[in-house]
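Pasting the structures in now, so scroll down.
In the two assemblies presented below, chain A is common to both, partnered first by chain B and then by chain C.
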Partner chain A sequence: MQAFEYARPSTVQEAVSLLGNSWEDANLLAGGTDLLSLMKDYIHTPKRLVSLKGIKELEGIRKSAGGLRIGALVTLEELLRNPDVRKEYPSLAAAARGVASPQMRNMGTVGGDLCQRPRCWYFRLGFGLLAKGPNGESLVPSGDNRYHAIFNNRGPAYFVSASSFGPPLVALGATVNLVSPSGTRELPVEKFFVAPATENARENVLAPNEILTEILVPPAAGVRNATYEVRQKMALDYPLATASVALRMRGNTVASARIVLGHVAPVPWRAQAAEKALTGKTLNAAAIEEAAKAAVQGATPLSMNGYKVQLASVAVKRALEEAAQART
Partner chain B sequence: MAETLDYSWPAKEKRRVIGKPLPRIDGYAKSSGRAKYAYDVHRPGMLYGALLTCPHAHARITSIDTSAAEKSPGVMAVDLMARPGEEIQYAGYEIASVAATTLEQARDAVRKIKVAYEVLPHLVDERDLAKAGSRAKASGEQVSGDPDQAFKEADVVSEGFYGIPVLTHCCMEAHGQVIEWKPDRFDYWPSTQNVSGVGGDLAKVLEIPATNVHTHMEAMGGGFGSKFSHDRIGETCARLSRKAGGRPVKLFLDRSTELEIAGNRPSFFARIKLAAKKDGMVTAWESESWATGGPGGANLPAGSLPYVFRGVPNKRMTHTSVSINAAPQRAWRAPNNPQLSYLTCAAMEDLAAKLNMDPVEFFHKNLEYAGAPGPDVFRAQLQKAAELAEWKKLWRPRGQSGPGPVKRGLGIGFNMWYGLGHASRALTRIHPDGSVEVEIGSQDLGTGTRTVIAMVAAETLGLPVSAIKVKIGENAYPPSGASGGSTTVGGVSASTRKSSMNALVKLFEVVSDALGAPPGELEAVGGKIQVKGNPSKSITWQAACKKLGTKTIQEMGENAQRGPGGLINGGAGGVQIADVSVDTETGLVKMNRMVAVQDCGLIINPKTAESQVYGAVMLSIAGALFEERIMDQITGRMLNPGFEFYKLPGIGDVGEIIVHLNVEPEHDKRGVIGLGEPPVVGGIAAIANAVANAIGVRVPVVPLTPDKVLKALEGRA
Partner chain C sequence: MKKKKPEPGVTRRGFIRGVGLGSGVAGAGILETEAAAAPAVQVVGPGPAQVTLKVNGKQHTLNLEPRVTLLDALRDHLNYTGAKKVCDRASCGACTVIVGGKAVYACNMLAIEAQGQDIQTVESLSSGNKYHPLITAFVENDAQQCGFCTPGFVMAAKAFLEQNPNPTYEEVKAGLGGNLCRCGTYIGLRNAVLQAAKQMKGAANG
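Let's look at the complex of A and B:
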């Protein structure tokens, strides 16, 4: 790990002032579960780390009429233990539970989850975010892409978003607050994630001098929501595919639906055909089956990841089945 | 006197320590973190080493420039491990090392070494034999009997393709050491399976007298067959210490290099054809196999297929060894046996399915062909395993697991192993204050060796286990073999039994007069020396030892090279039955239960013996469902050199494990047989067969990951 300068501000304002024009100048340290391994592997070598741990305003979960406010520093374990989250946002609780390691849940933060870098093995081995080979071609399409994207994978990004909370937050219509020297902007989580077009771009819209401070989730009263993860291991393991659903019900009828797939595209992936298929329908087995099929329409699997199409469809089916049984 | 002693184990009913399920004597030290592994060694003034490895799978070094690294902050020594002009055969090969004041400085510095390569074409993937070209070397056909005639006369012929990929050893404690090389003294703290031998081996390479070398290892974090040698990092670590003026240097592989180069188990792929009569008796075996174990390929030792069922009368086998640009294989817990068991048991299960036969009945019949420990032992084990697995209640014919997306299935696998005991010497000391110590230049790989030594000495001397101080892990102690081939428990139990009995006889001689009986009439029982069968004529252990005055008793005991000497034996076998559930919508396999029935002779400590089987079953689950070395054909690199993508099961992925050890008199009387390896052999076969039974179709290549399971299911539809 390259030597770096360490700063521990106590306000967001101070933290922002310590950031630079690139991530190589300075980066933010929260739980460190991703950042430190990137630094140890020399994938990322910032000159300065700005620790967020001393900033009280980034902590805490607060429920109000406007919904749920989750501070960026809230750990996965705190989120999982929160009674409001467990009761009204089972899709978030399931995503937290899916990080099946107490150590990771105790250290990892919700903000960090949204900002974590891709797990693409070419990236992690040092071939760059876009996994370029010696001749500038992407290694993924002709290489080992068993864990890569099946949607939005025409390049140059082929990796999948690693975020656990991205899909449920998009499904719930959550927003994030981003603070920079020029002020605060509020953005739907869906707009926060982007597929990078160049090697130096990122998987989200954060500027190098910007901090994700909090997540705002709309009230979930009357919204049935669930997350289903297909993970190979019960022990800590990134999912192969996930689905998060949020259904606004009118009696037994789906008034509106949000269905978001995880680990299938460089961003949390809205399955709009499935949402459409379900809207206005009675929430029964036939409707669920149809939505699960529609969810993977238009998938463009690579040479080795066709199986993920099936997994994504099953994840949608099972998430909807869970939502159908939920009382919320 | 000594040569007339009867060293044989006490009769089962007379044993007071042996056969008791005692906790490990180092259990608290290990679970509390007090046990010191080589990785935990910190010496005053110690430097930290880091390695530069080759990023190319096949390349020639054209130049190396270390000047920037030498000037890097904190650097005290730089050592070249390869030279310009050298052809490198795999990514991860060590090029140079650096020692610096901190690990971070060493890692920063090593990256400043500039190496230029001429990149050469590579082959890293042996799965498609057609693409191996000149890297494939076929050995001649082996034929016995008349396979052509047998296939002609067969009632049923079954053909299949089966494969098992390269695995890596995944030692939780990486390979490495601390070395302090002073002019007249060389201190060496390796993580090794060979405490007595590894220091001398390294001394030879370094051209220093073996007498200078002091090897120390208190605890060891996993070897599995990959830690017999000092390795190239041992040599470079020594040179770094010398170049740094004799300062101690710690150099361990980082996790990714550990998975890349520090040992792997060869793959095995085979097309197998079997012939059988209607009654299920196999009449012929034909196999075309291929395998790799790195640059040197991987051979198939003659006669190793079919596994266990060696007596199949008509056989034809060909094997092709494929040389690839990946790190060389090392012995992996029962070398080749898990692969051969999988190929054999899977092909046979497929034949049973084709015959519509219950596999228990089918295997029972064909065990007629079994080698050691013989048809009777295997048949009794199969019956026991079937009973514990509730076979009669739960088994359904292949693919008839019932409605619903989750299918349950059962499958069978077999194992066998050699055992015996390596050469081992032990020294038992009885001190005038009554304390006892046993010294052996052995090592405890985590198997319970320390505990077993203490139990044997305690049994022999009539003392509690807590009264025995076990000293292992130093090459200053009497030499004992490397821990491989499941030979350690045989070696150290025999040498400890003999040294302790030899020492006890000396104590008998001292107290003989006081008890009014010749030494041969005395026995040590319950902390006393007494006239045999007469507790009223006794003296306490303490009082007896006090009679030694100032003289300590010090006696040796020896186990000769790998021969059964009455105390130990070889040739164990076992049967495992897996019970799985397969989600046919996701392709996920869940372990419900694994039953392991195992023969291992006389069991010194049932608790550590069972633990061996638990660990072995977990490794089988890992190999069947999760583990594989994934090589990238384009870059030639291992894509999963870390535990995120090199998947290992957690406790929640393991399911229930039922261990049944054979302790019947006919097993007990054989003596001690090592158990490290046999139980790791048949599990992959059992799990793969259970999956085939559940979903009605063979998933030919393990690990049985969702992509492969779903593909096999698609093929069926």
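Let's look at the complex of A and C:
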């Protein structure tokens, strides 16, 4: 990797002051599981790395009446072992467990999961986030697109969001705090992720001089939530399709539903037709089946990823089945 | 083609160490100006900076560029060659060491970030003819074929058993989920870990 300066501040304010106005100036280092690989491949070539590991205020999981506060530096393993998470937020625990490498869970952080770059192999091979070939057109539609998007894939972005926690956090209605020199902004996780329209844009709204400091998840007592991930291998692999659900119940009836698909679009993908199909229904096998079908309505698979439509539908079905069985 | 005689006393790692030392002199100037520019927080690099690593209980002070990974520091600068460099992308587990009691990929951690923590490598598991129960269990269960992934598996297994001293087969399978063996010796590996778990409970000090 390219040589860089290294700084280890102890406060968020210090860290912000060490960042620059371009991604080439400085990058943030948390677990490093994604960033260092990107740097070894010269996809990221920052002049400076600002380590977040010395910043105490970015640590810890805290539960209060207002919900759950997850510091950006909380590792996947910490999240997975947290009793409040396991009890009240099984959809987050399942997403953490899905990262099946203990080493990865020990190093990787929740903030880093949200900020990791897409796994699109054109991007990873240096063709840019929009995978442009020599004539300026995307290489994805006519190339090997077996792991690419089946929704929101009419260009210019075809990659899928790689985040494990994006879908469950969107389903739970979580927000993130972003700190920059001009202050703090709180954004719904759903607004944090974006499909880039230009080569210079990114897959989220984070600015080069901004730090994702914490994740705030509303209370989930009484909210049945679950995540189901479909992957080729049970270890060391990204999922092919995932579904996270969060259901507010009135007795056996679904009062409101959030159903969010992962690894099917450049952002965590709200399956609104499925949410609508389920709302007001009794949560039974027939309703689940109907919602699973509705979740993939309007999918536009590419030449090699039609199989993901079925996987996404099954993921929704299984996540809803888990949620139906959950005690709250 | 004429066979070239290897130069006596020159190893690949020795050569890399030599280069590192040379660039250290050139980088010192950059370091000073950067440190002066940001008085609040010390900024080091891109040239070498002092890095102190505690490996298997022993302190080592090195002069390393911030970009040097823990794996390269261990192998190329300290001659702990047990941890292997295979994928170098946090995908195979061959470089697994234990840092602060947790199994990590040494290829994906900067050496400068591993300061102030206990680093354990596979070299700590034997002394003379005395072997950690995991090592004997690996031998007795044919837990390796080519052996290149073995040090990573042994360290992943050690960290796993410290958290789960009494595991089931399924738990061992999940606990070793961060390591790959291309020879496919997983059955032997899992049995070795189960055997070591039994022996470690019987032994006074594991």
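Keep in mind that, in the parts below, the second predicted complex is superposed on the first by the 328 of 328 C-alpha atoms of A that agree within 3 Å, B and C clash if a C-alpha of one lies under 4 Å from a C-alpha of the other, contacts with A are read in each partner's own complex, and residues count from 1 in each chain.
Keep this in mind: contacts are C-beta pairs under 8 Å (C-beta built on N, C-alpha and C of every residue); 3 or more make two chains touch, one makes a residue touch a chain.
For clarity, every value in this text was computed on a predicted model and none was experimentally measured.
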A:Ala100 contacts which: chain B (first), chain C (second), both, neither?
both
Looking at A:Arg248 after the superposition, I want to know if it touches chain B, chain C, both of them or none. Which is it: first, second, both, neither?
neither
Check the residue A:Ala3 against both partner chains and state whether it touches chain B (first), chain C (second), both, or neither.
both
Which superposed partner A:Leu49 touches (first chain B, second chain C, both, neither):
second
Between chain B (first) and chain C (second), which does A:Lys63 come into contact with in this model arrangement: first, second, both, or neither?
neither
Is A:Met234 touching anything from chain B or chain C once the two structures are fitted on A? First, second, both or neither.
both
Is A:Arg202 touching anything from chain B or chain C once the two structures are fitted on A? First, second, both or neither.
neither
Where does A:Arg119 make contact in the superposed view: on chain B (first), on chain C (second), on both, or on neither?
first
Looking at the overlay, does A:Gly143 come into contact with chain B only (first), chain C only (second), both, or neither?
first
On chain A, what residues does chain B touch that chain C touches as well?
1-3, 100, 234-236
Mind pulling up the chain C residues that touch chain A in the complex?
34, 38, 40-47, 49, 65-67, 69, 88-91, 93, 96, 102-105, 107-110, 112-113, 156, 159-160, 174-175, 177-178, 180
Spell out the residues on chain B that touch chain A in their complex, using ranges where they run on.
104, 107-108, 111, 585-588, 625-626, 630, 632-635, 637, 639-640, 642, 644-645, 647, 649-653, 705-707, 710-711
So in the complex, which bits of chain A are touching chain C?
1-10, 14, 17-18, 29, 32-33, 36-37, 39-40, 47-49, 51, 53, 77, 100-104, 106-107, 234-236
Over in the complex, which chain A residues touch chain B? Could you list them?
1-3, 42, 100, 119, 121-122, 124-125, 127, 133, 139, 142-144, 146-147, 230, 232-238, 240, 304-307, 310-311, 314
